[in-house]
Amino acid sequence: MFVQTLLTGLAIGGIYALMAVGYSLVFSILNFSNFAYGSIIMLGSYIAYFAMVRLGAPMWAALILSILGAALLCFLNERLAYSSLRRRRASSLFFMISAMGTAIFLENLVYALIGAHFYSFPEVFARTNISYHGVAIGVLDVFAIVFSSVTIYALHTFLQKSRTGIAIRAASYDIQVCSLNGVNNNALIGLVFALAGALAGVSGTFLGMKYLVYPTMGWITNKAYIAAVIGGLGSLPGAVVGGILLGVLETFVSAYVSSVVRDVFSFSLLVLLLLVMPTGLFGRYLEEKV
Amino acid sequence: MSGPGEEAVASRNVLDLRGVTKLFGGIVACRDISFTLPAGRIMGLIGPNGAGKTTAFNLITGVYRVTEGSILMAGEAITGERPDRIVRRGIARTFQNIRLFRNLSVLDNVIIALDCHETYRLGASFLRLPHVRRRERAMREEARFFLQAVGLEDKAASRADAMPYGLQRKLEIARALALKPKLLLLDEPAAGMNPEESLDLARLVRRIHDQFKLTTLLIEHHMDVVMALCERIFVMNFGVRLAEGTAEEVQRDPDVLKAYLGEGFKRAQHL
Amino acid sequence: MLQYVFGVISLGLIYVIATTGLAVFTGFTGLFSLGHAAFFAIGAYTAAILTYFYGWNFYLALLAGTAAGGLVGFAIGYPTLKAKLRTDYFAIATLGFGEAVRVLLENLPITQGARGLPGIQGDTNLPVLLVASAIVIWAAWNLIHSRHGRAAIAIREDFVAAEMMGVDIFMGRLRSLTFSAACAGLAGGLFAHYFCFIQPSMFTAYMSTQMTAAVVAGGMGSISGPVIATLIFIGIPEALRVANIWRLVAYGLLLVLIMVFRPQGLMGYRELSLDLVRGWFRRPGKGGKP
C-alpha cells in the first residue's frame, strides 16, 4: 500500500512539477504570479481533448497541438493583458487584477460556449496496470512520469546550453541588466510565456487524461502555486522538487486520512509555509516591486 | 561602562553611529562606520556612487537592519527598531529618487506627515466626532504653513506628480519638515538641478535648518551645496570611512581630492 | 413591476455594503483578496443560525454577523499581514482561507452542510437596507477622510514612503481588512434574511469577483465609484436578463480592459460631486483636466 501510494503520488507529482515549473519560469523573470496560468492549462486540456475526439487525432498529435495552442495562448495573454502594464511599470496589484480578470474571462467563456460538461478522454492507454511484486501502477501514470521527466530535462538542457536559455537565466537575476547587454527584453518575455504555455499544454493534457476536462479545472494551479512555494518561488529545480513533494504528500493524506481533507491540507501547508518559510527550499525572497 | 561625563556628551549628540556594518550576503555595503552629529549642526555625507551613503540612511531609519554596530539617537539606542517608530522619535528623511504620494494633492502629502503626531482614535474617526473635525481643520492650516516654508503654498491643490521636478523636491522637504523632526536626513536634495537651482536649494536648507532648529545630515554630490552648508563632512568610499573633518580639512585631504572632488568647491564662495 | 424594481435595488444595496468595505481594502489600501466571499458567508451563517436556531432578534443577529466577519478578518489578517507577505502571496493565502471556510461550511453539522439553511425569516426589507448602506457609506467616508484613512492610502501609494512618514503598515492594513470583513459580514447577514435560504455554493469566487470588479471599475480610491459600479453591475444584467455565466465573462474581460486602458476606473481617486458633474458638461476648450 505504501509503495502504491508513493507511485501514485509520484505520477501526480510529476504533473504538479510541470505546472510549477511553468509558473516559476514566469515568476522568476517578471517577479509576478500569473493567476491566469491555470486557465491556460485548462485550455491546453480542451485543445487536446477536441483534437482527439473531433479531429480523430492520435495522442501524440493531440499533445503537439495542445503544446502549440497553449504556447500561443499564453503568449497572447502576456501581450494583451500584461505588456502595457509592464511598460507603464504598474504596481503588482494591477498585474494581479489583470491576471485574475483573464482567468475568469477564459474560464467562463469556456463554460458559456462549451458548457459545464465534464469530458473524459478516450482510452489511450488500456486500463492495464503493470504489476510488479504486488504493486500495480497504471500505464498512464508511468507514461506521465516518464514524459514529465523528459520534458523537464529538455527544458533544463535548453536553459543551460542554448544562448536563449542563458539569456532567460540571466533575466531571472536582473532583467534590466539583460537589456543593457543587448537582449531584446520584450521578445524574451514573450518567449518565456510561450515556453510556460508549452509546459501548460503538456500538463493540461495529462491532467485531462488522468482525471477529467472541465472549465474550472484551472483552479488546480493552486497546487502549482503551493508546489512552487514549497520549492521556493523563482527556482526551477525548487519547483520540480516542490511539485513531486506536494504530489506525494497529498496522495498520502488522501489515502491515509481522507480525500476531503486533502485540499485543506494543501492550503494549510501553503499558508504555513508563507508565514514560516516564504523562501521555500531553494528560493530567493524577491522584493515586491513598489 | 560610560561615566556621567560621557553620557552627557552622548545625549548632546542627536545621532551617534558606532561601528555600523551592513552586509548583504557577501557584499559589504558599510563597514565599521562611526560618527557623531551634535545638535544643531549640519553634516555632509559624501562619497562616490555606491559608497554606502544611502545605505547608511536606510540603516539609521531602520529600513535595513544593521549586521553589526549600534545607532543612537539622543543617547538612546534605536538599532533594530521598526522604521515607523524611529520616525516618530523624530527622524525624517527625503529620498534620492523622490517618493511622493503621486496621486494625492500636494497638501495631502504634507497632511499625511502631520498625521504622524496625531492621536485621535479609530472610533472617533468613524463617527467624525467634533474634535476630529477640529483637528482636521487645524492640520490643513498647519500643512499650508509648511508649504509656505518651502514656497509651495500656491500649489496646495495640485497633484503631486503634476509639478515640475524641482518643486517635487521641495515638497519632499516640506513633508519631512511636517514630521516635526529633531534630525533631518536629506538624500541628494539637489539631484538633477542646475547650479543656480542647487544654490537656491542650499539657501532653502540653511533657512529651514535655522527656522526649525534642526540637526541635518546631508548626502549630496553637488560640492558647492556641500561646502556651503556643511560644518563637518564625513567621506565614504566602498562602504568605509575615507576621511572626516571640516570642509577645509576635507577639501585638502589628498585621498579625497584623488577620489573625486572637482571644481565644485570654487562655486561655494558665492553663497 | 415596482416590487421587482425594489427587489433589484435591495439586492444592489446588499452588495453595496460589501463592496464599500472592499473598496476601503482594495481601493484605498491596495491589498488584493481572492476570498472576501468567505466573510460574507460567515456573516450570513452567523446571523441566520442565531435567528433560526436560537430565536435571536434580527438586528442583534445582524450585529453578531458583522462582528463575526470582523473577528475572523482580524484573525486571518493578523498572522498573514504580520509576515509582511508580498501582495500576491497574501492574495493566495486569502484564496486558501476561502477554500477552508467553504470546506468548513460544508461539513459542520450546524450549517447543515451543502444542503444549506432554508426557512430563514425575511426581515431584510428596503428601509433596513437603505439605512444600513447609508451608515456603512458614511462610516467609510469618515474613515477615509481621517488620519486612519490617509494612512491606508499612503500604504497603497508607496508603503516604503509611508513607513518613512511614521505609518504603522501592519496596523493600517489590519484595520482595513477588519473593516472590510465586517462590512461583508453585515452584507451577508442581510443577504441571508433577504433570500431566506443560504447554502455554501452561493458564496463562491463569483461573488468575490463581482465585488472586486465593482471596486476596480468604480475606481480605486473612490467610494462613490464602486457604489455606482455595484448598482450598475446588479441592475443592468437584471434589466437585460443576462445569464450569470455571461456576466462573469463580462466581469473578467472588464477587469483586463480597465487595467489596460483606464486603470483609474470610472471615478478614479475622486468622488461623485457637483463639481465633477459640472465638469462633464463643460464646453470643450474651457480647460480643466479630464
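Points to keep in mind about this one:
Each chain carries a letter (A, B and C) given by its place in the written order, and its residues are counted from 1.
One rule holds for everything that comes next: a contact is a pair of C-beta atoms (placed from the backbone, for glycine too) under 8 Å apart; a residue touches a chain by one contact, two chains touch by 3 or more.
From a predicted model like this one, the values you see are computed outputs, not experimental measurements.
When every chain is reduced to the mean of its CA atoms, the largest separation from chain B belongs to A. Ranked by how close its C-alpha mean sits to the mean of all protein C-alpha atoms, the top chain is C. Inter-chain spacing, taken between the CA centroids of chain B and chain C, is 40 Å.
Between chain A and chain C, the centres computed from C-alpha atoms are 31 Å apart. Inter-chain centre distance (chain A to chain B, centres taken as mean C-alpha positions): 47 Å.
Of all residues in chain C, those touching 2 or more other chains are 158, 160, listed in ascending order. Listed for chain B are no residues, as none touches two or more other chains. On chain A, the positions that touch chain C within their shared complex are 32-33, 35, 80-81, 84-85, 90-94, 96-98, 100-109, 111-112, 222, 225, 229, 260, 263-264, 267-268, 270-271, 274-275, 278, 288, 290.
Listed in rising order, the residues of chain C touching chain A in the complex are 26, 30-32, 34, 79-80, 83, 85-89, 91-93, 95-97, 99-100, 103, 107, 158-160, 205, 209, 212-213, 216, 243, 245-246, 248-249, 251-256, 258-260, 263.
Looking at the complex, you find that chain C touches chain B at residues 139, 142-143, 145-151, 153-154, 157-158, 160-169, 175, 221, 269.
Note for the complex: chain B touches chain C at residues 61, 63, 82-84, 87-88, 92-93, 95, 99-104, 108, 111-113, 115-118, 120, 122, 124-128, 132, 136, 175, 179.
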